[in-house]
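See below for the structure under consideration.
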Amino acid sequence: GDDDRGGGSARPDVTIKVSAAASLKKALEGYQGHFAAATVAFSFAGSDELAAQIEQGVRPDVFAAANTKLPDALHAKGLVGRPVRFATNRLVVAVPAEGGDVRSFADLGRDGVSLAIGSPTVPVGAYTRTVLGRLSAARRKAIEGNVRSQEPDVAGVVGKLTQGAVDAGFVYRSDVRAAGGRLREIAIPDALQPAVTYGVAVVAGAPHRGQAQAFVDGLVGPDGQAALRAAGLGPKP
Amino acid sequence: MTARRVAFSAALVVALTVCVAFLTVPVVAIFVSSSPGDLLDGLRDPSARDALRLSLICTSIATGIIVLVGTPAAWLLATRRFRGRALVTTLVELPLVLPPAVAGIGLLAAFGPKGLVGGALGDLGLQPVLTTAGVVVALVFVAAPFYLRQAQSAFEAIDRDWLDASRTLGAGELRTWLLIAIPVARGGLVTGLALAWGRALGEFGATLMFAGSFRGVTQTVPLAIYERFASDFDGALALSAVLVALSAAVLLTVKLLGSGSPGGSENGREQRRGPGNGLGAGVGR
Amino acid sequence: MTARRVAFSAALVVALTVCVAFLTVPVVAIFVSSSPGDLLDGLRDPSARDALRLSLICTSIATGIIVLVGTPAAWLLATRRFRGRALVTTLVELPLVLPPAVAGIGLLAAFGPKGLVGGALGDLGLQPVLTTAGVVVALVFVAAPFYLRQAQSAFEAIDRDWLDASRTLGAGELRTWLLIAIPVARGGLVTGLALAWGRALGEFGATLMFAGSFRGVTQTVPLAIYERFASDFDGALALSAVLVALSAAVLLTVKLLGSGSPGGSENGREQRRGPGNGLGAGVGR
Amino acid sequence: MSLELEARHALRSFTLDVALSVAPGECLALAGPSGAGKSTVLRIVAGLLRPDAGRVRCGDDLWLDRERGVALPPEQRACGYVFQHYALFPHLSAARNVAYGLRGGSRAQRRTTAIAALERFGIGQLADARPRALSGGERQRVALARAVVRRPRALLLDEPLTALDATTRGQATRALGELLREHEVPAILVTHDFVEAATLGTTVAIVDRGRIVQRGAPAEVAARPATPFVADLTGAVVLTGVASSADHGLAKVALDGGGTVLSTDPVPASGGAATGPVPVAVTTHPWEITLHPVGERPGDLVDVGGSARNALAATVTAITPIGNRVRVGLDTGQPLAAEVTGPAIERLGLQVGDRVTAAWKASATRVLDRGGSSTA
Amino acid sequence: MSLELEARHALRSFTLDVALSVAPGECLALAGPSGAGKSTVLRIVAGLLRPDAGRVRCGDDLWLDRERGVALPPEQRACGYVFQHYALFPHLSAARNVAYGLRGGSRAQRRTTAIAALERFGIGQLADARPRALSGGERQRVALARAVVRRPRALLLDEPLTALDATTRGQATRALGELLREHEVPAILVTHDFVEAATLGTTVAIVDRGRIVQRGAPAEVAARPATPFVADLTGAVVLTGVASSADHGLAKVALDGGGTVLSTDPVPASGGAATGPVPVAVTTHPWEITLHPVGERPGDLVDVGGSARNALAATVTAITPIGNRVRVGLDTGQPLAAEVTGPAIERLGLQVGDRVTAAWKASATRVLDRGGSSTA
C-alpha cells in the first residue's frame, strides 16, 4: 500500500542513487527486485565514507548506514531528512569455516590468536569496541592484544578472514551469511551484544525526492523487511 | 679473475630473477587461483559486464581528453624555456605520487559541490560528482601525468635540426608540429598513452571517493573487484585476471609496435652502438 | 599568417594552462581547505605522528631494497640482449598499471597464508601478512617498476664507448659498473628513486589488503588519512597536505639537483641544441 | 637581391658581432674553428635565432630589424638551409622530404617536381628510400635538392661536407660547386676547413670567437693572413718569438725555441711603446721552405731587401710523401713543417734524425702581433 | 711482441674477413670509408667484440682462439685504446681519467703518475679539469695519456684526429706522431682519410666492405692503387670506360663520356675472355695533368712507350688556388681535376668556361678492372 504513493508519481526511467553500508549489499539488492518506482543504483562502501561524501556536498538520493549515529549526525546538520530505523543486525565473531583454533568467544584472548576488527570510525568497529568495553579489563586487554588490523569497512575484515590472514574477526551475522559458507559464526553472548540498528534517510536536496521516499518507505514495508530477513538481518526495531 | 667475473654475472642474473619473480608471482597467482570456470562466470555476470563496459568507455574518453589537451601542453613544455618551468613540470607530475584516496579528497575539495571551484561548476549545471563524468574526471586526473611526462620527454628528444629544417622549408610551427614532431615522437607518445590508459583502467581510490560506485554509472572494474572482494573472492580474482590480461596485452603490443618507430635523434648519424651483443661479448659467455 | 601563428601559440598556452590548472587545483584545494591550525593539530596528534614515522621507515626500507636489487637487474636488462627480453620488461612494468586493490589481491594470492608460495613462507616462519614487513612487501611491489623503468633507460642511454674504454683500461664489468655506469647514470637513477619513493609514500590499496591497518605497525600515512576521512575530514586534509608537501619537495629537489648531472651521451661532442630559446625565437614573441 | 646582415648576440662565452653582405651568385665561405659562431650566423639569417640587436635584409625585403621590431619567422624568409647532418626527416621518403617545402598544386604534381629535383642530382631512383637507407653522399644530395627545390632567395649551407667520408667528399664537393654556380642567389657556406672554404667560396671570411677577423679572396687570405690564427687555419707554419727592429726596415725576431729570423714586415706597434721587444708570431707556408745539408750556405743572409733569406738549424722528425710532394717534419726548438719534392729528398738522401738547414725568404715571412692569437 | 690477427665476423651487410700482423714499433694505418669495418677490427683486437671465428695473438700471448675456446676479456689484454670521440669519463677530472687504468700503489702515487703522464703531453696544468671544460686538442691528449700510462702491449687508435677541427689537427697530429715513435709496441690507427694514414702510418692497409683491398707503404699505395676505390681514396682522378688492346702492348680505353686514353698498363683479364672490351676505371693524379690551349699539340700522341701522352678536350668549371697550387676543375664528359702552378694559369690566362686540352702521360695512367669498384 505504501508503495503506491511513490509509484504513482514515478516515471519508469528515473534512477535513484542509494549510498549504502557495505553490509547491506545482499539485502538491498534483494529488495531492489521488489521496488518498482524507479531504477536503483547502489554505491556500497563504509558508512562513514559515504557520510563524509555527503558532508562534502555529494547528493545521492538515499543514505543507508550500518548505525543510527551517522544518519542522526547528518540530520542534525540538515543534510538528510529524518532517519528511519529499518533493520537490526547482530555482531558475531566470524572464523573460517574449516580448521582454525578459535572455537568459542573465550578463545579470542588466547595467545597466538590473530584478530581483525573494524576501525573505530566505522560502525562495525564502534560496535566491536562496545562489546570489548563490557568485558573485564584483563580479557579486553588480552583480546585487544591479538588485534592485527583495524579495517576501514566490514568487507576488509571479511577479506582478511577468507584469505586466512587472521583467525577471527568481528562482523555482522549477515556478512557471515553473505560469505557463502566460507565463514562460520561464533555467537557473542547476549550480555555483551550491542544494539546494531540501521538507519536510512532521504538526502536533503535529493534529485528524486519522491522515489527516494518511496524507497525508504518500502524498506520498512513487507517487501523490504522480507528481503532484509533473507539476507540475515533482523527486523526493524 | 674469471671466478670474479662469473660471480658478478651470476649476481646480476640472481637480481633480475628475484625482481621478475617477485613482481610476477602475484600476477601469476591471480590467474592460478581463478579457475577458467570462475573466469567465465565472472564475465557472464551482468554486473561484471556493466563494469567492463563502463571501464572501457571511461578510459577511452579519459585517454582521448588526455591526448587532445596533453599533447599540445607537452609540446609547449618541451620547446619553450620560461621562468618556473621546473615548477610547472613538478606540479604536473605531482598526481603521480598522490595516494588515490588523497586524490579523491582533492578532487572533492576542488570540484565537489562545496569545493573551491565546484560551486561555480554547479551554477553552470556541471556537477561531476557521482556521475560518469566524475569517473572521467578522476581518471584524467590520475592518468594525465603519465602521458604528459612521456610526451614531454619524447618531444624533447627530437633533434632540433628537424624542426628547424621544417621551419626553413616554409612550414609554420603548427605544420611542423603536426607533420614532423608528432610522427617522429610517435613511439614515445604511444608508450605514454599506453601507460596512461593502463593507469586509468586500474584507478580505484579517487573514483570511489569522487564518483562513488554505482553499477552501470560509476562502478568501473576495479570498484567492482573491490565490491566482490569480501563476499565473492573468486569473482574478484576472475575480474582481476581479466583486467591484468587486458593491461598486459596493451603494454606488450605497444612495446612491440614501438620498436619499429623512427625513434629519437638519429638524424642521419649512425647510431654509435658498436657491433656485437653488448658487454656480454667481452664477458666470454 | 601572423594571426595563425598567434592562434597556435595561444592554443598551446591554453592547453598547458588547462592541464596545470586541472592537475593542481585539487592539490591546492587540499591546502586551502586545511587551516594552518588544523595542519599543526594534525601533526601533533600522536597517531598521525606514528603514521608518519612508520611511513618514513617503510618507504626508506622499501626504496633501499628496490635500489639494491633493482639496480643490478636494470643493468642486466639494459646491457644484455636475450630472447624474451621484451616480455621480461613488460612483466616488470605490469605492476605499474595494476589497480592497487588488485595488487593487494595478487599479493595475498601469492604470499598470503593460503597463497601460492605463502604456505612455504609460513613454514619458514616468514609470514608478511599484517606485519610491518608486509607493508614493505606491498610498497616494493608497487614502487619497484618505477625505479626499474627509469634505471634501465638511464643505463641504456650511457655511451657504450665509456664502458668499452673502462674495460680496455683493465676494469672488469663490476668495476666498470660501479665506477663508470652508476656515476654517469646517476641523474636517471635518482629520478627513478624519487618516483619510486613518491609512489611508495602514497601507496594505499595494496597495503590495506595485504598488511591491514594497525596503528604503529602497518598504518601508514595514506591509511591514516583514509581512517580520518569520515570522522575527521579536517585531520585527513591536514595529513594529506603534509604528504603532498613532502612528495613535492622531494620531486622538485631531485629535478633541480638532477639538472647538474653528467647526463646521457655527451662524450665530448657538443650537444646539438642551437643557441636561442627554442622555437619561440622564430615565433616572434 | 644581395643579402645583408648586421647582428650582435651574446653567446655563452663571447658576443657574436658580425656584419656581412653577399651579392647574388656570390658564395661567402665562413671558416673558423668549432664554436666560433658560424652556425649562429646562419641561424640568424634564417630566422631560427633572433639576435639581441641587428638587421637582416635580402634584396628589398627587410627580414629582421630589432629596432623597428620586425622579425619574420623562418617560414617566411625563403632561405634554402642545408644542415650539417642534413636533418632529413626520418619518417619521410627522399621524394617526400624534397616535396615537403612545396606548396600549391596537387600531391602528384608536387611529387613530380620533387622527383625531377632528385633526378637533377642523379638520384631519381632513390625517391622512395627512407633517409636511413641512404649513404652519406646520397643524403647530402637529397638535402641539397630539398633546399633548392623551393627556389630560395638565399642559400645557407652548414658544413655540408663534414659528415661525408673522404671517398665521397670529392664528388659531393663537385655537386655542390655546380649547384652554387647554377643558382644566382647569395650563398653562405660554413666550414671549419680552409681548403673547403677556398674550393667553394668566391670570398672567404674567417670567424673567430664571434668576429670576422679577415675577409677576402681565398688566395689573398692564404697569402697574407691577418692574424696567427688565420695563418694556422690556412695551413701556414707558425713560430712564436719576440720582434725588434733591424737594419733596412726589417723586423728581427728572436724565436722562443732559439734562432733568429728576419722579415720584410715592420715590427708591429705593441700598445704605446713603438720600440723595444714585442711578442709576435712569425708565419710562412710549408712550401716556401727549402731544405739544405748543414754547412751548405743557403744564399746570402745579410743581403738587403726581398732576397734576404732565413736559415734555421733543424732535426728531421718525419718524412711523409703526400701525392707528388713530401712533407718533412722538423724540430728547430719549435715544430716546423716543410713541403718539398720527392727528387729533392732523394738528392739530400734525407732520413729521420738527420740535421738540416731550413731556409726561406724574408719576404715570405709574415710577422703578426700575438695579441689576436687564439689557437688552442 | 708483434700483434697478429686473423678474424671472420658477419656484420649487417657483409662479412668482415681480415688477417694482419703488426710488428713492434710499426704503425699500421687502416684507411677506408665509413662502415668498412675498421672499428670492428680494433674492437676484435681489444676484446670488445668476439668474432665468429679467428685468432688474436700478441707476442707469445694468445688473446683469442675461437677454435680452442680462448677469449680473454678486454681488461686482461692490456691494449691502449683511443676512441674516436675519446670517451673520457665525464665525471672524472683529467688526472683521474688517466689514473683510472693504474693499479697498485697508493691513490697519491697513482695521481702522481697520472700527472706526470699529462705533463709529458704538455697539459699538466689541466689535471683537475673535467673533460667538458677541455678543448678538442686537450681532450685528445688526455685520451692519449690515459691509453699509454698503463704501458699497453698494443696501441689501438680509432680516428684520433677526426673530432678535431682543422686548427688543432696539425698540432695533434704531431703529438700523435711522437707518441707512436716513442712507444715500441705494435700500433693500429684507423682513419678514413688517406693523407692522415700516410702521415702517421708506417704501413697503410685499405679496408673496404670488411676486406683489406691493398696494403703497403703509403707512397706505394698512392702510386699504384690496386682498385679504382683505392685510387679515389688516395686523391686520384678516376674516369670510367671500356678497355681494349692497342698496338705496342698499350691499353686503349674508350671513356664513357667520350674521348680515348692510352695506358702502359695491360688490359685487365676480365673473367675468361682475354680479348674484347673490358669495363675499366682509368686513374691518374691531378698533379700529373697539364693544361694546354686548344690547338697547341701537347706532344706526340702516337709516340710509343713511356712518352705517349693522353689528351682530352675539356671545359674549365672551377679555378681554386690552394696554397701555392691551383686546382682546376674540368669537364671532359666526366669530371676531372688538375693541379697546376699559379704561373701556369697566368700564362694561359685561364678562366672558368674556357676550353682547354688536358694532357698526361700514358705511363702515369693506371687501368683498373671495374669489378672491385665500390665508390658511392
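When the chains are written out, they are named A, B, C, D and E in that same order, and each has its own residue count from 1.
As a working rule, contacts are C-beta pairs under 8 Å (C-beta built on N, C-alpha and C of every residue); 3 or more make two chains touch, one makes a residue touch a chain.
These figures come from a predicted structure and were not determined experimentally.
A.B. asks: Have a look and report which chain pair racks up the highest count of C-beta pairs in contact.
C.D. replies: B-C
A.B. asks: Which chain has its C-alpha centroid farthest away from the centroid of chain E?
C.D. replies: Using the mean of the C-alpha atoms as each chain's centre, the farthest one from chain E is A.
A.B. asks: Need the CA-centroid distance for the pair chain A / chain B, whole Å please.
C.D. replies: 36
A.B. asks: So, what's the distance in Å between the C-alpha centres of chain C and chain B?
C.D. replies: 14
A.B. asks: Measuring centre to centre with CA averages, how many angstrom lie between chain B and chain E?
C.D. replies: 52
A.B. asks: Find every residue in chain C that makes contact with two or more other chains and list them.
C.D. replies: 1, 5, 159, 161, 164, 167, 172, 209, 226, 229, 274, 282-283
A.B. asks: Quick check on chain D: which residues sit in contact with 2+ other chains?
C.D. replies: Residues 34, 43, 47-48, 73-76, 136.
A.B. asks: Tell me, which residues of chain A touch at least two other chains?
C.D. replies: 49, 56, 156, 159, 163
A.B. asks: Within their complex, state which residues of chain D touch chain E.
C.D. replies: Interface residues on chain D, with respect to chain E: 33-34, 135-138, 165-168, 170-171, 174, 177-178, 181, 192-195, 198-199, 218-219, 222, 229, 232-235, 285, 287-288, 317-318, 320-324, 327, 329, 335, 337, 375-376.
A.B. asks: Using the touch rule from the top, collect the residues of chain B that touch chain A in their complex.
C.D. replies: Those residues of chain B that touch chain A are 108-109, 112-115, 118, 129-130, 208-209, 212-219, 226-227, 229-233.
A.B. asks: Can you name the residues of chain A that touch chain C in the complex?
C.D. replies: By the definition above, chain A touches chain C via 46-49, 51-52, 55-56, 114, 116, 119-122, 147-152, 156, 159-160, 163-166.
A.B. asks: Report the residues of chain E in contact with chain C in the complex, numbered from low to high.
C.D. replies: 43, 46-48, 73-81, 83-91, 100-101, 103, 131-132, 136, 139, 146, 150, 156, 163
A.B. asks: Can you list the residues on chain B that touch chain C in the complex?
C.D. replies: 1, 4-5, 8-9, 11-13, 15-16, 18-20, 22-30, 32-33, 69-73, 75-77, 79-81, 86-103, 105-107, 109-111, 115-117, 140-141, 144-145, 148, 159-161, 163-164, 167, 172-174, 176, 195, 198-199, 201-205, 209, 221-222, 225-226, 229, 236-237, 240, 243-244, 247-248, 251-252, 255-256, 259, 265, 272-274, 277-280, 282-283
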